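The structures come next, written out as structure tokens.
Both complexes below contain subunit A, partnered by subunit B and then by subunit C.
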Partner chain A sequence: MTTDARTPNPHAALDDPSVLIEDVVRESIVEAVPIGRTERQAEFYTLRDGEMLLNMGPQHPSTHGVLRVVLKIDGERVVDIDPVIGYLHRGVEKLCENADYHQAICYTDPLEYVSSLFCEWAPVMAFEKLLDVEVPRRAEYIRVLSTELNRVASHALTMGWFALDLGGLTPVLYSFIERDEIMEMLTALTGQKLLFNYMRIGGVNGDLNHEFMSRLGDWMSRAARHIESNQGLLNENEILVRRARGLGILDPETALRMAVTGPNLRASGVPFDVRRAHPYSVFPELDFDIPTRQEGDCLARYLLRIDEIKQSLRIIDRCLHQLPDGPVMARLPRLVRPRPGRAFAAVEGPRGMYAAYVISDGTDQPFRMRIHDPSFVHLQLVGLMTPGNLVADTMAIMASLDPVMGGVDK
Partner chain B sequence: MDRALRTRLERRFGERLTGPVRQRHDETEIRITAADVTEVVRSLHDEPELDFRLLADLCGVDTGDRMQVVYHLWSATTVDWLRVVADGLDRESPRVPSATFLWKGAEWMEREAYDMFGIVFEGNRDLRRIYMPDDYASFPLRKDFHLADDSSRSPGLGVRPMEETLAPADATPATLLRRSGAERA
Partner chain C sequence: MSVVGASWQRMSLTGRILAIAVPILVAVAVLGLLGVVLAGPIVAAFLGDNVPLVRFAAAVGGILVLTIPTAFIVIYMELKVIARMNLRIGPDRVGPFGTAMSVVHGLKFVGKEDFTPTGVDVQVFTMAPVVVFLATVMTMVVIPFAPGLFGLDLNIGVLYLFAISGLTVVGLLMGGWASFNKYSLLGGLRAAAQMVSYEIPLTLSVVGVVLLAGTMSLNQIVLGQSGSFVDWYIWKQPLAFLIFFIAGTAEANRSPFDFSEADQEIVAGFATEYSGMRFGFFFFAEYVNVFVMSALIVTFFVGGWTAPIAWPWPVDLSAVDPLGLGVGLLLLIAIGPVVGTIVCAVPFWLASRFSTLQALVLGFVVFNVLAILAVMGWAFISFDWVVGLAWFFAKTYAFIFVFVWMRGSFPRVRIDQLMGLAWKWLLPAALLNIFVTASAVLILNR
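Showing the complex of A and B:
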């Protein structure tokens, strides 16, 4: 064969046995995007020997919604990771600023569709602070009762998802049984099945009704046993335990620096729970513990959620015993106009701290409404904890952190 | 309200505070300039009698004539939330030092504030858009960014005062849309 001198083969060096392939590759460190604009992008999108980029998502089954993760991998090892979000961004903060105070509540509802009662509660609490409203005690108890039920539903689902992301299909079916029972219960209470829109400024939408109470009593009589048996399915599973132990360790110092809250922080041994650290509602009157774990790995984060379910059952039980009589709504005008001012309120949700910061300018619409969602902060941890692990462990770590994309993308 | 915290803050930051320490319900608020952010936040975090180690929230605010960056902090030494407002940022080119040297987790919250308000955080390694697409040219949460659809406006009040001054009296949703497009260009 003759080579054509006029059109040199660009891959000639690769055919030449005297040139080592590694030399050729080393000379040309590839810029995958046209010059990274930020320091971090430049670092991430510069590939070295043997590295490649792999897109996981936005439609990957274990990304819990629409999350795209760009993995930089070297063989089966993850070198670096760049989560790309915004696929679900609805501009809720802007919408709230163009709605009045009552309307804003139902915009915050679908933020995190797994635990929407908490997403309502934080802004409602902030509005109440702005308006200096005193919430009736019965309403506060009903709020605690309904949100703790929501927490159990959310944690039950998380446990199932965690197993699902690790490849076990069975547990998620069982957790949906649990979740569905609670959802039916909350439907009876609020009138809606997923996005409850139950909290109101100054109280809740409706009092406890007979159907809710009978369903709740029925469920409470066997909830502990159910959870025990679900737990046995996973906690005594050798595959799951060996896979999750020691994976994705988060030490308490790093957790605080990453602004982590909720079960992810408590699984690293920091006993921060807004219900006790900054008490709100009627939590000071209720008797419950804040479980913590020291290991900070995926298994600890998973087990901590089971501990929390048990505490939630305790709280529900206490609420039912201590429930006072009285109205469930404070007397308020239809159109509320708080005096100019600022208010910040935070609640402890199943994923961490949900907070709202509201600025009023004296009109009937919030001037600025900031919503803080824990999933958004926790998703950063994936970039911190994954490098060095296998590609398959990315999913395990992500599932143990339990972000919900609706909350991440606001 | 934690009066002791107020005294501590006044004693520690005296001349750095640009206004009085404000307290309401369970919140304490201090105001500082953007230039003081690094030192004030570092003292709040490091000094044992303050010990604000948990960053609860970081967000941007557009007041209409200037920008603010608002930090909410928690500490076991007080029962209040501490709100630190870095006030008086120029609306044309808002700049503030990054808090990522203390809280690495502030990185995304700062990216969000940049994405929504155009506030530049000096020292943030990854300051790029987070929600909006990379080629998006506007900052949606700024007050001069009007929503094309104003049907959600409550009939009780009419047009908001600030938008009244910015938009012509006979503005329709379509006009507002064109206006926002013109301002972007």
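Showing the complex of A and C:
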């Protein structure tokens, strides 16, 4: 290897036999401690006696994507925590401003890739409000049907990951049974896997087809029993229950103050659900309950998702019974130009309130589009709930809050 | 010089290797012969005077060789059983039913780069896997596999066992400390805390067995359980069995107590910075440890190599004297395989899916399998150590299956729960067990 004299080799010290390797390493450690830019960072990165910084992520087996968490630990106990986000930032909101209203839908799709139908629904609903479009009732029912299926798939996966983060290998693969079934179903309906791109302004892309209906009927006949038996593997497991009970308690006041929504809020005893509190689509016509739990701990958040799956199955059942005939798309021009104005639309996603706020300036492209993602809100709670617990509990708390990094970083 | 150089240039690669290797081999052989001639009597006298040393060296060599297939079988079992529990198929490509998969794992370790990161304490980093592996392997020396088949019959076998297996902690701590990595450090410290805590109930639970058997020799403990399954110590010491099983799981770093390598928390624990065969040693040690723990449970509580019911074996087959047949034996050897092959081929031929040649080949294979089974059956009923070995491995692998099963179905417990379990429940229970057992032994022996 030739060394250019003008550009000094940064590793020259390592090659120099007269320099002790320990000295080089010690120097590099001193340099590696970041100097705090803000007051909070300065406080966080100042170590007291016996404390140690432990970096988890962005590549770590349990950070649900590319989250980086810096733990300040004293032995096994977490003293402080600093989540670092931004590793998956794609600038989706800006991209949407440079696409017309139809194209923007496929940019919002991969935000929360575990439940992408909800990511389409909120912007689509906002666009419809801007354009003042009447969506056919059959399309609304199909939207509810497909999104509730997506909710079941998402919750099934969440419960599997929760068990995996607590060290159980098997439950995640059992949870994939339901998810695979639903994914194949939705693939038959939408033509795409994972990122469905199914919602359209004024309706949905296609009507229910035979393959979807036959798969759905097949699955519905055994879904409740199947989910029940799979969850017996975990709910009756002493180790899991002992670890999750009383861990990471979120009281209702804090939850409301931190703008928590979705299952995480309902597990703390606040019966807030966008589907009932601010009804949209055909949810007023459907019969279902809002399950809540009072404990607010990891176990409650986990069990609440099972309750929600049961309610989702009920909604799907009602949808199939009440499904009206008719078109699935409103009549709209190819190029839509809404009047200048603003619109806000929120849906109840599997992780919480998923909302879109759109400003139109009268052109065929949104002037500004803002997306509210529940994962981003819930990630703040990690810093609130983790200190004082053990390193292993950090993973359990994070898994029970269930952030998806695609939605956090946008 | 030029002649040698020219010859060297003209030689092929094989020729060059041979040109180097043959003189070295000749020199080694000559020196070896000289050594045997000159120093042979002295060495022979030394060995003759130190038979236990020779036996120890032979036993350790044998055990070292034995660990490799043991680890392969346990790894394969884990891959396959957990895959089945996870609704997967598991390895099925390499070898019949994927059985060669763990061999491929081993070869992969050998083929990988032996990487030493910057900043590690090189000597300690290098020694750590060796310490862990040897500490695990050396425990196998005293395990009685079958009547007459064991490394050493120490009269302090139980003591030796716990003394040596305690060394594993040192190795894990070395690996964790020397790796210059926070995950490794946490993993090493977790392993040390866990193993030191669980060593105590593990050792104390065996005291009851030692009291009952009246000896610390593992052979004598097994012989004390001979008879049928009602004589096993598991019935007399159920609490000790439970404690030993739980503490053994923790001692072997198995799920649900696998903190030191909890991948959701600290990536791979003490093994994070290790690669290649160094990691391979950790990996092997882990699975050999599972085998050792199962073997110890079997030895202490489930009767070791003794059969669960009073078998009439070994059967004395010396009354059957094949040599008495004379020329008939020769004819049998000549004709037997041919006739056997043809007889075994007939069903395939009649099935008419196969051509005559295919049927004959299949018949030959089937005949060979049958012959091997017959020979094994003959060995099984003729030699008591074959019977003992079969029972020992059957019981041991049954317990290994339980360990794998637990890994497939349990989440991990938390470190404070783990420590609480050891100090608040297992230790008092073990002490209670000793007290009750000692009282019973005192009262009944009076």
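The definition used in the following text is that the second predicted complex is superposed on the first by the 375 of 410 C-alpha atoms of A that agree within 3 Å, B and C clash if a C-alpha of one lies under 4 Å from a C-alpha of the other, contacts with A are read in each partner's own complex, and residues count from 1 in each chain.
FYI, a contact is a pair of C-beta atoms (placed from the backbone, for glycine too) under 8 Å apart; a residue touches a chain by one contact, two chains touch by 3 or more.
For clarity, every value in this text was computed on a predicted model and none was experimentally measured.
Superposition note: with subunit A as the common reference, subunit B and subunit C can be accommodated side by side.
Residue by residue along subunit A, subunit B and subunit C are tallied for touches, and B comes out ahead. By the touch criterion defined above, A:Arg342 reaches subunit B but does not reach subunit C.
In the superposition on chain A, contact of A:Asp100 is made with subunit B only, not with subunit C.
Contact with neither subunit B nor subunit C is seen for A:Ser229 once the two complexes are overlaid on the shared chain. Contact with neither subunit B nor subunit C is seen for A:Asn209 once the two complexes are overlaid on the shared chain. Minimum C-alpha separation, subunit B to subunit C, in the superposed model: 24 Å.
Overlap of the subunit B and subunit C interfaces on subunit A: none, as no residue is touched by both.
Those residues of subunit B whose C-beta lies close enough to touch subunit A in the complex are 24-27, 29, 53-57, 59, 61-62, 70, 72, 74, 76, 79, 81, 83, 102-109, 112, 116, 125-133, 140-141, 145, 147, 150, 152-154, 156-157, 160-161. Contacts from subunit C toward subunit A in the complex involve residues 82, 85-88, 118-119, 180, 182-183, 186, 190, 255-256, 258-259, 262-267, 407-417.
Those residues of subunit A whose C-beta lies close enough to touch subunit C in the complex are 14, 21-22, 25, 52-55, 60-62, 76, 163-170, 173-174, 177, 233-234, 237, 239-240, 242-243, 390-395. Those residues of subunit A whose C-beta lies close enough to touch subunit B in the complex are 37-41, 85-86, 89, 91, 93-95, 97-100, 103, 129, 254, 256-261, 272, 277-278, 335, 341-344, 346, 353, 355, 357, 359, 363-365, 368, 370, 372, 376-377, 379-380, 384, 409-410.
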